[in-house]
Amino acid sequence: MKTKKNFFQVLAFQFLIWGAQAQEVGQSPWGPEDEIGSLNMMTDSSRIQILSQIGSGQVYDLSVDYFVGMPSFHSLGDPSYQYWLTHTPHGTVVDNPNGMGEAMNEKVSYTGDAVSMYTHMGTHIDALNHFGLNGLIWNGFSPEEHLGDKGWKKTGAEKIPPIIARGLLLDVRALVDSFPPNYRITIQDLKACLKRQKTEIQKGDVILIRTGQAKHYEDAAHYLHQYPGISLAAAQWLVEEKGAMLLGADNLSFEAFPPEKEDNWVPVHTYLLAERGVMFLEQMMLEDLAKDKVYEFAFIAASLKLRGASGSPMRPIAIPIN
Amino acid sequence: MKTKKNFFQVLAFQFLIWGAQAQEVGQSPWGPEDEIGSLNMMTDSSRIQILSQIGSGQVYDLSVDYFVGMPSFHSLGDPSYQYWLTHTPHGTVVDNPNGMGEAMNEKVSYTGDAVSMYTHMGTHIDALNHFGLNGLIWNGFSPEEHLGDKGWKKTGAEKIPPIIARGLLLDVRALVDSFPPNYRITIQDLKACLKRQKTEIQKGDVILIRTGQAKHYEDAAHYLHQYPGISLAAAQWLVEEKGAMLLGADNLSFEAFPPEKEDNWVPVHTYLLAERGVMFLEQMMLEDLAKDKVYEFAFIAASLKLRGASGSPMRPIAIPIN
Amino acid sequence: MKTKKNFFQVLAFQFLIWGAQAQEVGQSPWGPEDEIGSLNMMTDSSRIQILSQIGSGQVYDLSVDYFVGMPSFHSLGDPSYQYWLTHTPHGTVVDNPNGMGEAMNEKVSYTGDAVSMYTHMGTHIDALNHFGLNGLIWNGFSPEEHLGDKGWKKTGAEKIPPIIARGLLLDVRALVDSFPPNYRITIQDLKACLKRQKTEIQKGDVILIRTGQAKHYEDAAHYLHQYPGISLAAAQWLVEEKGAMLLGADNLSFEAFPPEKEDNWVPVHTYLLAERGVMFLEQMMLEDLAKDKVYEFAFIAASLKLRGASGSPMRPIAIPIN
Amino acid sequence: MKTKKNFFQVLAFQFLIWGAQAQEVGQSPWGPEDEIGSLNMMTDSSRIQILSQIGSGQVYDLSVDYFVGMPSFHSLGDPSYQYWLTHTPHGTVVDNPNGMGEAMNEKVSYTGDAVSMYTHMGTHIDALNHFGLNGLIWNGFSPEEHLGDKGWKKTGAEKIPPIIARGLLLDVRALVDSFPPNYRITIQDLKACLKRQKTEIQKGDVILIRTGQAKHYEDAAHYLHQYPGISLAAAQWLVEEKGAMLLGADNLSFEAFPPEKEDNWVPVHTYLLAERGVMFLEQMMLEDLAKDKVYEFAFIAASLKLRGASGSPMRPIAIPIN
């Protein structure tokens, strides 16, 4: 009887937490002007600590390629990746755009090109403004005051600093033969993974979760089909219990679809970005790290400073540490 | 008489070198399949050597922001940087693109955005295919065989590895009060700079030349106006005499315009990319390094892997070394 | 005395009109759901009336070309016109995008291309939502209710019907040797023009005003430099006194800059679109009509149905009438 | 015996025709500089003839809307239609792009927008350079001489004149309850259609073939799925037997897929454009004409003059004739 009552009390308490606390944007512990959330955990001291542990000149490239036909989030109409040539050696001869004539343009063989893309495409980081709650974003910034036609005046991608921190690969894919469709990775999975790898999470870590989905990156239809993702509970555990500074995964959207909650179509996104101020990387390439069983490393990455943007491409690297 | 004869012989010899050698694309000393030129100088050993010298957790960001109105090379019709919102918190409520209705879209405040750009915009690296000579690019690759509608099958930006090397700032701007319009930096300037800084170039260095032009980056018209650049002779000296692996500068196009040679409108570009296989970075932000007199550092950068592209944005960082 | 008093009364009344009436968006006489303003003047009867007067098979093309480098309104960061090839005969052979191999792609020579543009570029029509007043557009529609991320739910370019009406060229340029910089065409100019041409405006006309600026269309810098435009008074006279249904001109922005009023940077735009529900065409090509002294014609045009858009390209034609 | 021999002779002859004649680009009967093929059939006389038959002021709009998510040919990586806002009333207040401040930007409510698209999207016309044979296009123009980075110097969309001609709807869809998947419309179908409608084809006609597919235009997946198209034989019959000047249909690609010939993946395209110099329209909206049984009409259309392009959007109209 007592137990049951407690159980309901716990439930009610949980509901209160979710209802009253979790469903609102967080106020930053780093102050009302904070625009980078948990990345404030980085300091000169934290950086030199990890840099001084580097024990190899081997570099792991954690980014996918950008190419026409690459996977992308298009169900809400966002543009696919486009690449086009603006100048070619032959075309320059025919067009003579510089007015210097055939001899010059046959000698100087010019190639130029352009790209267009949704900012959440390829290996990239989500900025804190990407998802908010109830009309506000992290730290209470509002579109009425801070969102112009060229993006957010607050928490735009240009504010994201270069990231140097301890990285930890959680090779969840190595635990199983395959995942069920749309599988959601649990706290138990993460714990099993840590045990299997004989690794521990440290406060301030960059946690990269391997689902193995990146194997299919060249085949967009396969990559986008029923991929596994991280559950809300697992994300909460990493952030609240373990003190992770930054998360990442090798799938399209970090979390899985359809959403695990009825009242929120991207509960992991809003939890991390809007409630907790924790950014994360998507569409990473973690296959080489996994193959070589490199679980701990210096994580170094710097996203493009796209002013006002809700996300930004980056090409992170990992260097094994001692 | 003999001297005079010798003088003419030297001239003729020089002419032969320029005519027969320099005006043709180079064949890579790293073999017929090489696509990255001088970046082959990097090894695990060269990387750990510089990484182990890191003596600070302070990070210098060497990249400019991307924003609508930023400077760009537009005289040949290339597209300016564009940024646009594809989803906003309010617009999502009005449009209901996910079909989930007003309550959901008022709760989950979605911001998404897209960008388009010429690949030679903001802080970026020029790939070896950007400029060739006489219809070929570095190592003899031809558009007939290797250039499709989605860019080059050879030497595309996706082939450029992450770069970790010793970086050296040459603060040429510190030598003068101001540069004359379209000033071309000479070998003497570089030597004076090294002496002033009490630094030496090492083989395999990333040499970053500060013209100070980046001060004007937010004012595109000023930034693009009669900016100083690096002379062909200075580029040759850095590569052939000093063994530089990679070059960079804080101006629009590394070299200055109008060109210093009548028969080539971008002689420094074709010399470095097509003849020597040496890439370079443009539109860098070197002001903080200069202000703090940080001349030697670990240079770490990884450009986006834009498949087939002639250039790629990157956000390099510098970390002071002991 | 009495007269003077009346004069001041009139002035005060005018001021009241401008202050109380003209500075607010208009409510459509065609009802609260109206989205096309004065184009409601068109009927089957008005169309057959003009079509039945057609007396020639000669067609005048009133549109400029779209090309990279064409003039555009870029001072607020809007994108220039871009054109790029997505498929070429040779590139298709190298890339093999359809997987059909070299023989097929050498036989079937494929060319495909894409464009991007600001919607107010080349010969185009301004939709009624392009400029509003005090946060509303024509007929009181509000962005809060009707503006999503994909444009306006009301008065978007897809609502603009094909236009068939009597067209009248007002060749103002023929009155003068040249215009002073940024000249504003007056009511007197229009009257002099009508007299010179021996033409009269009829209610429901499409009035096309030739400034001659289109002569410089291929030279963007010249075209954009200190061009003449239509004064607010002249626009008011055409609409309120003469009952014009649609206006047009051969310059960048119909009106001239800098603006003639201190409290409104585009007073002619807001007057026509927001107050009166009268659309207009910009960047037309009227040189052939002028050369042949064709002043009266059937005007036929149909803009692209760009859903939600604030403007749309069109290629109007004129056919002389009896 | 004789008959059988003749039969084989005919077959062989047909094969010769196809092998020797049809598989090469045509030389224009209008001369070596011709860039518009069969549209040369239009004259002032042909235009006034049809215009003078107009017996109604009712206008049929034959174009679909452009909107994000609209159907498009994307299997070879071509860009989807994109629309984005560059200026909004609220965003202008936040961004202050014109530097005029909050009061001005709250008063003058600015909306601007931009689009990007593949040129073969929505209701459009294919230019003669869209498909060639064996490395040449209509009239023998070659990419080596005439294809630059900004499109074709010959037969580009800017060369296509405004089109005014007799239009004839062939409502093939009215013959059947439904089409089998990927159905190819035959000569017999066209004849049955003419008989049912009691109409005849006249030399120089614009022939619009209704498959009914446009009913599904708002549902891109449905529209693109196994749609019916026009067979090569039917196209040949229309052009060679009946003297059609221009063709059109309401489906994605005029012809159906998979192709009816093994050695050519778009045999109807290459036949019409490259061999015969006959352009055609795709993705039309013919439902209203069909509903009202309007089979004969004045067809009036003018595509955007996209310089060098392989296709161009247009919004054709039809006006019933007596």
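When the chains are written out, they are named A, B, C and D in that same order, and each has its own residue count from 1.
Basically, contacts are C-beta pairs under 8 Å (C-beta built on N, C-alpha and C of every residue); 3 or more make two chains touch, one makes a residue touch a chain.
Everything quoted here is computed from the prediction, not taken from an experiment.
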Next item on the list: Mind listing the chains that sit against subunit A and also against subunit B?
Entry: C, D
Checklist line | Pair sharing more residue contacts (C-beta pairs) when C-D is set against A-D | finding: C-D
Notebook entry, point to check: Just how far, in Å, is the C-alpha centre of subunit D from the one of subunit A?
Noted result: 44
Check: Approximately how many whole Å separate the CA-defined centres of subunit C and subunit D?
Finding: 27
Margin query: Multi-chain contacts only, two chains or more: what residues does subunit C have there?
Written below: 68, 77, 79, 82, 84-88, 90, 97, 114, 116, 147, 149-150
Check: For the protein chains shown, what form does their contact graph take: line, ring, star, complete or other?
Finding: complete
Notebook entry, point to check: subunit C touches which residues of subunit A in the complex?
Noted result: 77, 82, 84-86, 90, 114, 150
Check: Residues of subunit B touching subunit C in their complex?
Finding: 68-69, 77, 79-80, 82, 85-88, 90-92, 94-95, 97, 116, 144-150, 153
Next item on the list: Please name which positions on subunit C make contact with subunit D in the complex.
Entry: 23, 43-49, 51-52, 54-59, 61, 63-68, 75-79, 82-90, 97-98, 100, 104, 106-120, 122, 129-137, 143, 147, 149-152, 158, 161-162, 164, 263-266, 270, 274, 300-311, 313-317, 319
